[in-house]
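Chains: A, B and C, in written order; residue numbering restarts at 1 for each.
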């Protein structure tokens, strides 16, 4: 069976045989960096065209259809356009912070990629506190957004950044609690262990209704954390024109845009790993033959399939719902999501202790 | 009681959101409902209603004859001054002077396609054409001469 | 103490919403004073799209000036033209043929539906839902196609002439309208599924931008915006023109006065318009579509006033004639201007999001405000 694990071992063995360990490690860094950047570029292109096609079909339109077959190269053409554009820095802006902000947002998105398991035995860094690492690093992106809003010296940007700050800080709690409820079941923060614990079935099916509740809360909260509609208050097109990135243009704007999609990919990857079994194929208990057939589908296909399903779900939200108001946004978190997920966590702990899950 | 209301709220809210998602999901999967058309590609099959007002034209028959007597009724009816009629005096074989149209100047750039000139024309010499792709690179091209060169007044039109 | 630019003495933020802003749907300029997210003052600045239509009309003849009123409230262009034609006919004392009256009313109601459809989509877009905008355009396009087939244009029809309508109905008209009615009835429940019932939408709308009955009257608010506050102000009922007194329809009234009430009034008004069309579509009388009028119209010396109910409220046309071929003075009482004036009253103390929602339900068309 085709697997990416053998490929990585092959490369590592060859490097270690040919070069001294330090040089080999350096080479591995370079390979990983190039691969990560290539993944980012590919994801940006794919997700943008996907978003536009989803939007178009929901809105009974055809969507992009001019560049390439069925408009599939539209986002490549857009990228070329953005690169060609002038990256303006406004006169009154804090020049250093203004230019730094998009890179901070982008770097955070890159860093979070490290512990995610893309396929069986295929991840950048198999760290034992994987989930904690992800939730710690992803909250840094709010700094980039606040920086962008503050340094732009524009009132729309400032309002957008402040909204974004309030939003991210509060929704982090719900994300954390719903992630915790799965951690309670697995007993490990290591992403690989979490995936392996779903050998006999995914957690969303195994842990009764509390798992479904925490899945719903997770999806709502990450939608808010990635600043996507209906929680896109920091951009709020009809209120704040473009929110925190009003003053950005050209490639600097493109970095914000790309970071948004990368963030969506990452949170959906985490969601897929925790609730839908990551790269683990669909297994049902002890049905050996069924499980065996499922194993024939390569693990990275399982991972990307699940992740893209969640991404589609988030896009579906965006093109269906109106935006919340800023006070309602915080109401939703503090009056509904947080209490429910707290009670849910207690239930989940009970299930874990008593061993009621399958 | 408070808790019951609380969960009723949550249930009602979730239900209303799912109803909306069901609707958009329906359109996502039913591509037959798509109503947009690929415009420049469907130019050949594009059918505009015959009354569509795109541009003022003067009808000429196969003998290069039109029905415009140069009475300036359209010029007077036009609210924007987009029509200017320049008349000349033809000398008929009998030596009589006869008023005839020299140039029918039509400023497409000023026209609002209100159709009042067509209404005002007593001889139905001008009408509205269906063309709608009026963009040009040179503004001068929008000032048009509607009567074709060497065209004559149709016999019998007064 | 030197005042910082863009801040008041109390340290409140002053933000310019517009003249170029996604939510103002035109070149409206609102100067809002903000304390955090809370609005302390909204000050509309007008004049960015002033084209002096009133002054222009003074140099146009009575046949010519009607077309330019399409450019005021371009979404109910037909009703504007209707108001002007009615005023001129009042001056001329022309009897309008029955067929022309029915055609005019049919077109008015189709325009009203088209206008409300666009409002529905644009308002949902203001609230951040993009999809309803495109869904609303599906129904609106079929109305525009009907207009295009009969009148020759989609938006600025110029179908009205003093004495009737410019050309007779297209032979296809009745079938097209009937198929539109069918489409509308198939799709109208989606409006409720997608927007009205949505919990986020209801939270954004209910109890927001409250306009009391007294305030509505004192600001001169008319149309659906005032009817949402319980003010009975439908000109079609109160001062019927054309054949409206023979038709069976209700004046839609809500009493809450908030954004949600204004929203419901417009949605229900579309159904009333459908009711009117259904009554008329099979009973279009035969006869002339245009009364015989002179080629050059001259109004007798005097003053003439006529009001109609546009999609946005009461439109009044006031003509002063000196007896010549052109009006001496024309004044339009446009609904948008008075409706805008209550914006500060209803949004004060709300959030920025409320301002957008309230502005959406007032259904402002900026060229109508500035003229």
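General remarks:
Please note the rule applied: contacts are C-beta pairs under 8 Å (C-beta built on N, C-alpha and C of every residue); 3 or more make two chains touch, one makes a residue touch a chain.
Just so it is clear, the structure is predicted and the values come from calculations on it, not from any experiment.
Compared on C-beta pairs in contact, A-C and A-B come out with A-C as the pair having more. Closest to the middle of the protein, by Cα centroid, lies chain C.
Relative to chain B, the chain whose mean Cα position lies farthest away is A. One finds 25 Å separating the Cα centroids of chain B and chain C.
In this assembly, the C-alpha centroid of chain A lies 45 Å from the C-alpha centroid of chain C.
One simple way to say how far apart two chains are is to compare their mean CA positions; for chain A and chain B this gives 51 Å. The set of chain A residues that touch two or more partner chains comprises 58-61, 319-321.
Residues of chain B in contact with at least two other chains: 17, 20, 23-24, 35. Residue positions 131, 138, 194-195, 198, 200 of chain C each touch two or more of the other chains. Within the complex formed with chain B, the chain C residues making contact are 60, 63-65, 67-68, 131, 138, 141, 145, 148-153, 156, 158, 161, 166-167, 170, 190, 193-195, 197-200, 202. By the touch criterion stated above, chain B contacts chain C in their complex at residues 12-13, 16-17, 19-20, 22-24, 35, 48-49, 51-53, 77-79, 112-116, 119, 128. Per the touch definition, chain A reaches chain B in the complex via residues 54, 57-62, 65, 316-317, 319-321, 336, 340. Interface residues of chain A facing chain C in the complex, by the touch rule stated above, are 55, 58-61, 155-156, 159, 163, 229-230, 232, 236-241, 319-328. Across the complex, chain A is touched by residues 6, 13, 15, 21-23, 34, 37, 124-131, 133-135, 138, 194-195, 198, 200-201, 203-204, 351-354, 356 of chain C.
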